[in-house]
Amino acid sequence: MFYHQKQLQYFTPPERPDPIYAKKLQELLGGSLGEMTVMMQYLFQGWNCRGPAKYKDMLLDIGTEEIGHVEILATMIAYLLDKAPLKMQEEGVKDPVVGAVMGGTNPRDVITAAMNPQHATVSGGGALPADSTGFPWNGRFIVASGNLLADFRSNLHAESQGLLQAVRLYEMTDDRGVRDQLSFNIARDTMHQNQWLAAIEELESEGLETTVVPSVAYQYGKREFAYQFWNQSEGEESGQGRWAKGPTKDGRGEFEYVANPQPLGPEPELPQPDPRLHDTGKISQAGQVGEAASKVVDKVVDVIDRVTPGGHQ
Amino acid sequence: MFYHQKQLQYFTPPERPDPIYAKKLQELLGGSLGEMTVMMQYLFQGWNCRGPAKYKDMLLDIGTEEIGHVEILATMIAYLLDKAPLKMQEEGVKDPVVGAVMGGTNPRDVITAAMNPQHATVSGGGALPADSTGFPWNGRFIVASGNLLADFRSNLHAESQGLLQAVRLYEMTDDRGVRDQLSFNIARDTMHQNQWLAAIEELESEGLETTVVPSVAYQYGKREFAYQFWNQSEGEESGQGRWAKGPTKDGRGEFEYVANPQPLGPEPELPQPDPRLHDTGKISQAGQVGEAASKVVDKVVDVIDRVTPGGHQ
Amino acid sequence: MFYHQKQLQYFTPPERPDPIYAKKLQELLGGSLGEMTVMMQYLFQGWNCRGPAKYKDMLLDIGTEEIGHVEILATMIAYLLDKAPLKMQEEGVKDPVVGAVMGGTNPRDVITAAMNPQHATVSGGGALPADSTGFPWNGRFIVASGNLLADFRSNLHAESQGLLQAVRLYEMTDDRGVRDQLSFNIARDTMHQNQWLAAIEELESEGLETTVVPSVAYQYGKREFAYQFWNQSEGEESGQGRWAKGPTKDGRGEFEYVANPQPLGPEPELPQPDPRLHDTGKISQAGQVGEAASKVVDKVVDVIDRVTPGGHQ
Amino acid sequence: MFYHQKQLQYFTPPERPDPIYAKKLQELLGGSLGEMTVMMQYLFQGWNCRGPAKYKDMLLDIGTEEIGHVEILATMIAYLLDKAPLKMQEEGVKDPVVGAVMGGTNPRDVITAAMNPQHATVSGGGALPADSTGFPWNGRFIVASGNLLADFRSNLHAESQGLLQAVRLYEMTDDRGVRDQLSFNIARDTMHQNQWLAAIEELESEGLETTVVPSVAYQYGKREFAYQFWNQSEGEESGQGRWAKGPTKDGRGEFEYVANPQPLGPEPELPQPDPRLHDTGKISQAGQVGEAASKVVDKVVDVIDRVTPGGHQ
Amino acid sequence: MFYHQKQLQYFTPPERPDPIYAKKLQELLGGSLGEMTVMMQYLFQGWNCRGPAKYKDMLLDIGTEEIGHVEILATMIAYLLDKAPLKMQEEGVKDPVVGAVMGGTNPRDVITAAMNPQHATVSGGGALPADSTGFPWNGRFIVASGNLLADFRSNLHAESQGLLQAVRLYEMTDDRGVRDQLSFNIARDTMHQNQWLAAIEELESEGLETTVVPSVAYQYGKREFAYQFWNQSEGEESGQGRWAKGPTKDGRGEFEYVANPQPLGPEPELPQPDPRLHDTGKISQAGQVGEAASKVVDKVVDVIDRVTPGGHQ
Amino acid sequence: MFYHQKQLQYFTPPERPDPIYAKKLQELLGGSLGEMTVMMQYLFQGWNCRGPAKYKDMLLDIGTEEIGHVEILATMIAYLLDKAPLKMQEEGVKDPVVGAVMGGTNPRDVITAAMNPQHATVSGGGALPADSTGFPWNGRFIVASGNLLADFRSNLHAESQGLLQAVRLYEMTDDRGVRDQLSFNIARDTMHQNQWLAAIEELESEGLETTVVPSVAYQYGKREFAYQFWNQSEGEESGQGRWAKGPTKDGRGEFEYVANPQPLGPEPELPQPDPRLHDTGKISQAGQVGEAASKVVDKVVDVIDRVTPGGHQ
């Protein structure tokens, strides 16, 4: 169960409204790697967790903190949308001919033309659960697999991309209020990258998971292909990297560089289609059209059915 | 530019058709963490890469290999769909009353009822660019940020989840052909987890990126919040983890456990709305309805516009 | 800011696992009118609220309660997925010919075939942020417009559909644990329907909004069409309803039944297309193909540009 | 079956083209609460209706009218896109250095940069089945549940949000043609709000449904929780509303304000995972890696299967 | 404007309910190539049409007919869902251990498990605007470009795929009612394929469009690449087709088979990244971390700005 | 299996960066009819192909070529995004009042405001797998049915729309580099329209398919409706087209113009609803509320179940 505290975790209002920046900032709120994603990802991982209590508790701690981050960004966006202009300048367009090709002449027109229209028509000056192009947040953005190592790597990835985006947005404004707020978010994401790196270390040090996840892969996988780098692109620059030579990161093998990879499988030839699907097969079906011919098809199917135990239905 | 080689990279056909398993196997082909995702993710990262040549070449090597993995799975699914039953048993349902509540009585009926209907009606027995629930693959599944460390962490995450899913699907069949094929895929994913771990090491060892990505976060972020763990969920089990004590993973600080976190921000109070948006504000607009009242609104807006340089349009 | 309390708001575990029911129950969790929707809808309405404090506080109260409902359903689904079968019966399919058309013969096969495959491969036995067909929850499911009357009507609608679905799911199981849990949810939805009806009454009684929302519609709309029912479908049964006669619900007019509605507008004829878009217009462009002809087009565009102030770019 | 009449229900062309406004107006056409939504919602409700004839007829009347509203908006948008500029001003960018950072200097450039690009490249100057951000209309936007009270509340909500958006768009233009057209739409939405309020009254007065829908909720729900308001957010401003005191709107109880809500459920602890899913459980699986260890897992599964009737497959 | 006629264009009810078939039949209603698609595609093409009147009228004729086809399928699906079972057999699962792995033993259980759950919980036994996997219809499914030849080819494609699916569904049932209904739909699709072929002929014979659309492609395209077939896949079987030899279909050239295609472009090397985006470039940024180093970056940016007219903002 | 060649198939870099044009060009890369669509469409058709080898090989040839086209466009977009401005001009907005409504005054501001924000924040100056509105590419964009004639018509449609869009984008720029590149793409699309027309001819000439696809439609469809044009829209302009008179294109009939089409079906009346779904039926359920009444419902259901063999579950 959850409780809400009215004060925000941290908040500095913007110095001035900026609807264009509000549009861009939606990426951190509702983008595929924004705060709604980490909030939902950590909460679902916590709710689905079957591991030791400290992991489950930690996931719910940070998931709960992230609800508050969504709250902060929603509030920031509402401030940035204050006094957003609604329509383009009409003075310059009184003349009908000019008007036909005219959009506006002042900075407000740029804003009106380029802001997310839904920030006015749909949300009435509030935040939206969407990214910076207006695309809605969706549940396929999150990962909660039940395997904590796989999931912590997902979390590290999400925090790395999220911090990168926060830094880029920091560079994209000079508003001291916004920058102060983002300084807080950037610090928390810094913590969270450290946190997931530490959590990964913990899982491995406690023997709950191994470098390659899940560890049963060693048992099921064909070992001869488990450490080869296949050079599928012309040139061998890729042979210069750590991934192409030396011991593998799991300490169980040596990287092998396959410079001229050759196919190991056959040329596939799919079975001929069920006549009832009307796929194009190797021989003509078109000649079979007409009452008579189609009865032949029916008979063929019947025969196949009769010779097939459990046969065609 | 790309070339195609007719033979598959590796292929073992299934021992027998299994349309239900074909439905499930679509997850590895078109799921959010399946082969289409890694194929597109590595290709876009490669095409967008502005880093050293060995990284770009390596990304295009593995991206090109993954096109071949999509090919393998598409071929496997077509084989698994061969001879899929099309309709439910009609013998048992001749009696109209029974028929009204009757679905079928034999194993073929289970298949017909539960397989992905589009595997018959839409693809005619072929693979679909969709996941195991029929949801289509989409471009928001991939990450290509231009920052290689952030992206390699995304790649490590994708290969970890993908391998986990491949192993689960391995457990879900006894078909020796399918299992042999998955043994190859599992081995390649094992390699790819090792590969991304090695590539991360390489990036850091060459000084191109640091533990926290992007490194400018240290400059922009508020250091006082950069190493704190906030305990937002009742109970302190989360204090037992490595993420709550000891040196941080970037070697720049000490984890700090904040057991009773308090808000640092104010209670937000949004500005009153633009009257032209018809949000509900703190005072009634309803009394203003009607010709007279609405003229008052117009005048107020006019006045605001006049006293505001550049004012309300 | 938010806090988490480890105990659930209410919880009764199911008597037994039931993966098929878990699939169906996802509708209440991640469906377009499920708990994720009301949770996000109330939180965004609260965060975007510019109205009196009691409304904002109330919205955040109920939004916070709904996070806990998502938590309850996620937990219930994880229990229902416990011991879900992973693969179909292989004994019956040893014979290769039988196997070709065979799916399974026992109840476990039905479950394995028909459950949401992602409940095994993707979430490892946990809940998904998706509906009962596997379609992910998305941000377009919610409404937060800034106008409280419009939004409270959205809330009433969401709680009405949600309760209807909860009741249907109650009828679809005999598991006493699940039914006990749903009895709690049904009671809360009963409250919430009452709550939004009361909140609508409050808004109107305080003069913040009127029956028709937004009230400025009376000023902008053409009154002659504001109370007419147009009979666009053959037959006049629709004339028998309350919506076709008597005083309108806003107390400002009388419903009027237009039995034989006639169009009031012209037959539209769109302007001819810009030649650079290559739409099909009323005269042939095909004759203009070739070097010579296309230069004619260029010249025509030039001329149009020159006679048009600000002209074609 | 449907018939088309060439004249529009109502139409006033715009005074002048305005591609930016065309982009915004798409919200009323293809937005989640636009005309495509109400058209499809009323038609599906009508087609699925099993209630008295007057309701079914009324739903098909208004659904059919709404097809005509989609037609009107599509026509309006095509007019607004006439003579839309296609490319940015090149005169100012002849100098290569300037050009590198240059976008354009006149109002036409603002339009070209900010209009929906698909209005030129994809639709060739025509309307799109999408909202104002370019997001396509989709079937999850509509509600047709079979329960008329629940559905009429959905309809009231859709008309309320739709009218609010129409009014906002009315404020966002000075084009007298567009405003005249919107005056018609606003009037029809005014009617439709009245209509659904009247239809709700009718359903209840005829005893087909009761205040809380569906009425069986009283039978299934736990009465003790059916009238409580839970104060989940700090502060008790929410206690001042009508929803927290006095008789409930269904006349069956009294609202009760729970100022300090406490959880009623247990702390959940999920069952340990199936070893074949490779979730992280409370004890290490990593130690079990290798041929020998994994055989142990197999045996454990076998034993569990044997002691479980119907057991693990 | 549109009118509705209560009688259906054609209708034969099913002999008996069949919820599994209802799920599959949704493909024809709400699939990407189903009736909702052709309905919307033809209506939008008609509304956006700027060509001769007979084309616009024809598009609106067939678009209007297709609304009636959606109506027919919605009605058929509601009949097929009548008496759909709601829950699985409980008799066999009284024993808790058996129950844990038990799903059901009779045909009704198969139906309950495999039908689209939303057909019960969401639509209450009615049709959904979705395809056979439950994925919602959306606006990106349709094409309306303004160019009639391009659009008529889209229409021919849609009718070809739609008829193919209708035939497959015809084969998937023995219900005489359903088959009779589909015989009507199949005939109409037969007409519509003929219709679009005829309309394409008409457009070309009237000189409104030429074989290659749009005809200006001849002017803009590099002629040397306009008739070459590039053999990008090993083996030369593709050289045996009509597309690799003989006169081209537009009568303007000869097909040329390029057996060993070679790249004509350079190896791309992207410009080094803007330092403010924190992409990984060819040289280390990591060394620049810290107050001092980052000031250097700032200065570099300043210098670049100063030497760039209009410079970095 | 696939191989990558570092050189591009063809490439001319742009003369200068243009982030607005980069946004628009995304339509050709990730739009519903862009290069990702044809790439995936041809590859899936090739992988699923069960027809003669020359068709399969040809599909994989062109699918492989299209991967290279995606590569070209991704590279072009990265060049166009070089030096994209990141933030709006701050000089003009020092004054807080002006700042409140100020957006920017120079051309760079237009770019910053109107470019796709994700081109900076998400991709760091690289291409995205999305269209020109930012909507992601998805798998429902492609068609691969197994029937080659139906699929080749889909391919012809895709190449026609794609070429139309390429031509429009050609008109929308004066950059000589971009135009040169598009001249190559336009030529290839010219080839591909010719190619699919030739491939259609080949299929028919070899008797693999007939004009109407699939040919079995003649057997299943009601011949009396297979050649009628129904005039569903007022006016008879549509009677003037080739589709309304003369021999049908399949040579099997004569087009017939039905000027006053009448419905052939009945007025539908759906069966009354299952009481457990709580749909609104023709008689009141509301009177049945309460312990007693609901027991009556239960009994009725029981009775129905008992008299129904296999009965209600």
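By letter and in written order, the chains are A, B, C, D, E and F; residue numbering begins at 1 in each of them.
Convention: a residue touches a chain if its C-beta (ideal position, glycine included) is under 8 Å from a C-beta of that chain, and two chains touch if they have at least 3 such contacts.
Keep in mind that what you see is a predicted model, and the values were worked out from it rather than measured.
Chemist: Considering only chains that satisfy the touch condition with chain A, which of them also satisfy it with chain B?
Modeler: Both chain A and chain B are touched by C, D, E, F, going by the contact rule given at the top.
Chemist: When chain A touches chain C, do the two copies use mostly the same residue numbers, with over half shared, or different ones?
Modeler: Chain A vs chain C: same; shared/all numbers exceeds half.
Chemist: When the contacting C-beta pairs are counted for B-F and for C-F, which pair yields the higher total?
Modeler: Spelling it out, more C-beta pairs touch across B-F than across the other pair.
Chemist: Distance from the CA centroid of chain B to that of chain C, rounded to the nearest Å?
Modeler: Each chain reduced to its C-alpha mean, chain B and chain C end up 22 Å apart.
Chemist: By residue number and range, which residues of chain C touch two or more other chains?
Modeler: 1-9, 48, 50, 55, 57, 60-61, 64-65, 68, 75, 78, 83, 85-88, 90, 100-102, 107-108, 110, 112-114, 120, 122, 124-125, 130, 133-136, 138, 140, 145-147, 149, 164, 167-168, 171, 214, 216, 218, 232-233, 235, 261, 263, 265, 270-271, 273, 276-279, 310, 312
Chemist: Using the contact definition from the top, classify how the chains connect: line, ring, star, complete or other.
Modeler: If you draw each chain as a dot and join those that touch, every dot ends up joined to every other.
Chemist: Please name which positions on chain B make contact with chain D in the complex.
Modeler: 164, 167-168, 171, 276-278
Chemist: Which residues, counting only chain F, touch chain D once they are in their complex?
Modeler: It is residues 15-20, 23-24, 27, 31, 33, 83, 85, 106-108, 110-111, 113-115, 131-135, 164-165, 168-169, 171-174, 232-235, 261, 263, 265, 270-273, 277-282, 284-291, 294 of chain F that touch chain D.
Chemist: How about chain E: which of its residues touch chain D in the complex?
Modeler: Interface residues on the chain E side: 1-9, 30, 36, 40, 43-44, 47-48, 50, 57, 60-61, 63-65, 67-68, 70-71, 74-75, 78, 95, 97-98, 100-102, 122-130, 136-140, 142, 144-147, 308-312.
Chemist: For a test of understanding, state which residues of chain C touch chain B in their complex under the given definition.
Modeler: Those in contact with chain B are residues 1-6, 48-52, 55, 86-88, 90, 92-93, 96, 99-105, 109-110, 112-114, 116-118, 120-122, 124, 130, 133-136, 145-149, 203-204, 206-210, 214-216, 218-219.
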